[in-house]
Amino acid sequence: MPIPAPNLYPPFNILRLSHVELAVTDLARSRAFYVDTLGLQVTDEDDQAIYLRAMEERGHHCIVLRKADAPCARDLGFKLFSEEDLERAAAFFRARDLPVDWVDRPYQSRTFRTRDPLGIPLEFYARMDRLPPIHQKYALYRGVKPLRIDHFNCFSPDVDASVAFYNEIGFRVTEYTEDEESGRLWAAWTHRKGGVHDLAFTNGTGPRLHHTAFWVPTPLNIIDLLDLMSTTGWVDNIERGPGRHGISNAFFLYIRDPDGHRIEIYCSDYQTVDPDLEPIKWDLKDPQRQTLWGAPAPRSWFEEGSLFEGQAPVPARLNAQPIIAP
Amino acid sequence: MPIPAPNLYPPFNILRLSHVELAVTDLARSRAFYVDTLGLQVTDEDDQAIYLRAMEERGHHCIVLRKADAPCARDLGFKLFSEEDLERAAAFFRARDLPVDWVDRPYQSRTFRTRDPLGIPLEFYARMDRLPPIHQKYALYRGVKPLRIDHFNCFSPDVDASVAFYNEIGFRVTEYTEDEESGRLWAAWTHRKGGVHDLAFTNGTGPRLHHTAFWVPTPLNIIDLLDLMSTTGWVDNIERGPGRHGISNAFFLYIRDPDGHRIEIYCSDYQTVDPDLEPIKWDLKDPQRQTLWGAPAPRSWFEEGSLFEGQAPVPARLNAQPIIAP
Amino acid sequence: MPIPAPNLYPPFNILRLSHVELAVTDLARSRAFYVDTLGLQVTDEDDQAIYLRAMEERGHHCIVLRKADAPCARDLGFKLFSEEDLERAAAFFRARDLPVDWVDRPYQSRTFRTRDPLGIPLEFYARMDRLPPIHQKYALYRGVKPLRIDHFNCFSPDVDASVAFYNEIGFRVTEYTEDEESGRLWAAWTHRKGGVHDLAFTNGTGPRLHHTAFWVPTPLNIIDLLDLMSTTGWVDNIERGPGRHGISNAFFLYIRDPDGHRIEIYCSDYQTVDPDLEPIKWDLKDPQRQTLWGAPAPRSWFEEGSLFEGQAPVPARLNAQPIIAP
Amino acid sequence: MPIPAPNLYPPFNILRLSHVELAVTDLARSRAFYVDTLGLQVTDEDDQAIYLRAMEERGHHCIVLRKADAPCARDLGFKLFSEEDLERAAAFFRARDLPVDWVDRPYQSRTFRTRDPLGIPLEFYARMDRLPPIHQKYALYRGVKPLRIDHFNCFSPDVDASVAFYNEIGFRVTEYTEDEESGRLWAAWTHRKGGVHDLAFTNGTGPRLHHTAFWVPTPLNIIDLLDLMSTTGWVDNIERGPGRHGISNAFFLYIRDPDGHRIEIYCSDYQTVDPDLEPIKWDLKDPQRQTLWGAPAPRSWFEEGSLFEGQAPVPARLNAQPIIAP
């Protein structure tokens, strides 16, 4: 099944991924991870929730941590270009018989929740409260010096179906992995904002949130984070990396938060604003697609992910086997 | 005169800056600078011209060096989203009584030349020949490891007028410098592609091309270039830096090619895709706006630039005085 | 068995490790590895041997590659402070009934070969031909930008015995790993030149050369090397890393040359010139001693090494089990 | 006047520079500079003095800040190899009719104060209290991540005389600047510990302390410090740099503490343990000797320095003119 031609004139204009809410079981412990270790900045907090932004973001939040009895991922948030796009988006989802629930979200203007056809919870809005810039307040930089949220990656039980849907609403595929035998997609990277991805899909029991990624200045910041985590009690939360991805060419590290939510630290992919950018194809059997340097990912990386609230995952349609570390 | 409200629905869709042709007097010497020293990749060359691209670019060229008796800058090239945008652009310029000359450009699809109201030569096209990716051919990386063309900066004799025009065709101001006394703009940074700028203007005798900038991976690549230039006969071509800009927060270096054309090496500004991004205002008297670390720019940086072919510059309307190195 | 007290007034003054000769089976292929990929500089070559130095070295060679039917490691070379020290060294080895064979070594002044009590071949000299500095010839820097040879690491079948001997001739232990059950040494790092080590020993079938290490400027150069090797046919020669060592705190990468000789790329350990520097003790069961970030080394790293010419290895006395990657 | 031949068998064994006490007028303000901004670690403090060490140091202090009515520099501290060397050193200075005053220094074993022939106050000791390692306590790293004190640089009114004296006690010249006209030394870099210098001299009204330097991991840490100082009220304390030195090949930054004491941040020079290392000669008129990239130092850098307590400076014998920024 080939990559679909990009829809260059989508029904509504999604600017970029924006934020996600993670249900966590111990707010203090999560704060130690996201604030004291990663270096995200608190923009609001009480005994139920913590709102965070990264250093160059002016929107109020990119991560919301909310206390819960069990961990899960909630809506993947996307920012639209305008209020008109919000109306068009709502009409689009309604026309597909997908839910459109208008909700009150603190610090966001009109917002609706929906689900994609495979069950991933989404929320759309056009304007969020703006905060003063802090990217030149260097005394605030800590941890890995996170600059901005970069992308979501989800397990999908049917990557072809996921790509077909998001392609329709304007996400453009930049790179993809094909299972040569079945001709089906194993994974795909799709973007709106001009980087390698806002949203990627990996074959697996799903839908589940595989990871949320943050952009940092250079690979040395990732090395700093590894040194810090290794000597402050977080060494077991390091899951994979550091390394260079074959796909995306980015430098990466995967870590797990106290509830197991996976965070990727990421930098140095490439610009993708050209509508005629040719997607790059990788073969599932290519050991360098995951890590250019050849190191396979551990089993946990292929199997574990965050459940989306209210959505039971189903097994993947495609049963191919990636290269897993022994 | 305030910054105009951004035109979020411009008459045609400019994707990004694309390329520029520089007239140079000694092709071999320019090759030594751009290819052997900076590390740009040759995509075509003969005894009259050299076409270059940077490491992550798939379009055929971002710089064309063409042999001439005297150096000058030629058209600033911009890529449009589609052929329909090209028609709309041509109509727009015609309606303004600005020239629309359809020209044959090697490796580009239909292209027209025009001038902005102050005389800067421009060319627009929608599709350029695509080349295979080389961003993972690490054996080819040399010099400063240039990844992509990032922006043009032009002297304008009337920055308010330049901003007004480009604002109308969709360039959004991200940062600007105001002369407090006159309330007029001293400089402005405007973007299409989601970074701090595709096109900036600085008050001065103009129009002239102040510099063309290339994006590189990290500040360490800029240090590598300085070490290389300093020990291969190019030390006198180092003009300013390295440093951190106050405006844009980018790490920079300014160098001069064998004909005096100014090149900026640049990295680590921030993402600007949000249409509600508030422009950041700087005061002309703020010594940290040019260099966050306080070092003033040398006189040459304020006074010298490349003439645009066929366009005599005029003195600047604004006569304010920036901080110049003694 | 405790670490012995350092011998601060050894019988002769060893300055530092200096060089090693590696027997290789395909000189052209080894040249592609050491010169084109790592970036070592050729100081002499013919159809039998290649002499190499690193960028800040002024001695003629730190590695000699010599064509042979089968790969092996030859003498570990050490530079002495003076010709008087050379005499004292020869007297010392003779008094131990260890061989003292005066040999002609190109580019070296008077040199003798010997073996340590466990059979490692050594050579000592005081002066080597000096070459003009090239550390500021930045056009010559390539690959990983190797600055200098840093250390040798050998498998020893009896690390306690090895440490006892080298301690007597002035090597000072900076860090060591103890097998808690037996109280015996698993590994030790010993220095002369003021870094963490010139010579280290690891428990294992030996004596064999485990690796030769080169010092590079920063971790980013190691990342550059990984990118280069991964895309020029050397991906299978990447064995372990990159990572931060617990022991030494250095940033490291292990690679294998075309004959399997192991090379470490290494940077950022610490200064050890104080004679009262307390050795740091690590437990064999501490997963962070090898890699501060927790990743275990692969089996090959514990089992494979270069034979020393003319020296059959014997099994290790200590049978403890380190943590090996599954 | 040529560089003297190195004295390879000096009368006593100096290991390395160790520490210096700076008289400061506002202890809280100095703490903000050295601790909060540079990132040195407090090892003791009261209302009169603050003791500091850098991250990889295990000796108790490398800088002592002591409250005083007026700023000045006090003894340059050097660590000797043994107590026997301390006796030999005392005898040496007494034989030269130089003072030998045994003093109580907190955290140091037996210590004597003296002065060199030109009046620089010195102190010598062999053992200092040792503290547990903190180089792997990454949560403590702040500011520029200072790893260790690296060198002192002093104005000398007679660099030839200074070099002659320190050469006699074993300091070896690594690089030097000669005034071609007079054949006299303008500046010299001399070492004990195996780097480019422990102690350097620059022609000028003296003796005065020109600067104290700290070693940091990479140039990026220096960029981090510049960003931090520029946005926390210290921008005016940035004096020169960043840049690459011609001499030493190190990456540098010069900053001034609240009392004007000059601190250099420094990394990546080269190893100098070979006794046959040839000193590198630079001409005073070479613009790249100060900064490889060509930027001249500002006038303050040539004229300002810290007075040594109780020592009136005298004008330099040599009246040559270096290249000063306009």
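A, B, C and D are the chain letters, set down in written order, and residue numbers restart from 1 in every chain.
Keep in mind that, in the parts below, a contact is a pair of C-beta atoms (placed from the backbone, for glycine too) under 8 Å apart; a residue touches a chain by one contact, two chains touch by 3 or more.
Per UniProt, the chains are A, B, C, D = Catechol 2,3-dioxygenase.
Bear in mind that the values here come from a model prediction, so they are computed numbers and not experimental data.
J.: Return the chains shared as contacts by subunit C and subunit D, ordered by label.
T.: Correct list: A, B.
J.: With centres defined by CA atoms only, which chain is the most remote from subunit C?
T.: B
J.: So what's the Cα centroid distance for subunit B and subunit D, whole Å?
T.: About 44 Å separates the centre of subunit B from that of subunit D.
J.: Which integer distance in Å separates the CA centroid of subunit A from that of subunit D?
T.: One centre to the other, that is 49 Å.
J.: Which residues belonging to subunit B are in contact with no fewer than two other chains?
T.: In subunit B, residues 136, 218-220, 227, 230-231, 292 touch at least two other chains, as defined above.
J.: Quick check on the complex: what are the subunit B residues that touch subunit A?
T.: 8, 15-16, 56, 58-59, 79, 81-82, 127, 130, 133, 135-136, 147-148, 193-194, 217-220, 246, 249, 268, 270-271, 273-278, 280, 292
J.: Could you pull out which subunit D residues touch subunit B in their complex?
T.: Where subunit D meets subunit B, its residues are 218-220, 223, 226-227, 229-231, 235-236, 238, 242, 244, 251, 287-288, 292-294, 325-326.
J.: In the complex of these two chains, what residues of subunit C are touching subunit B?
T.: Against subunit B, the touching part of subunit C is residues 136-139, 218, 220, 224, 227-228, 230-232.
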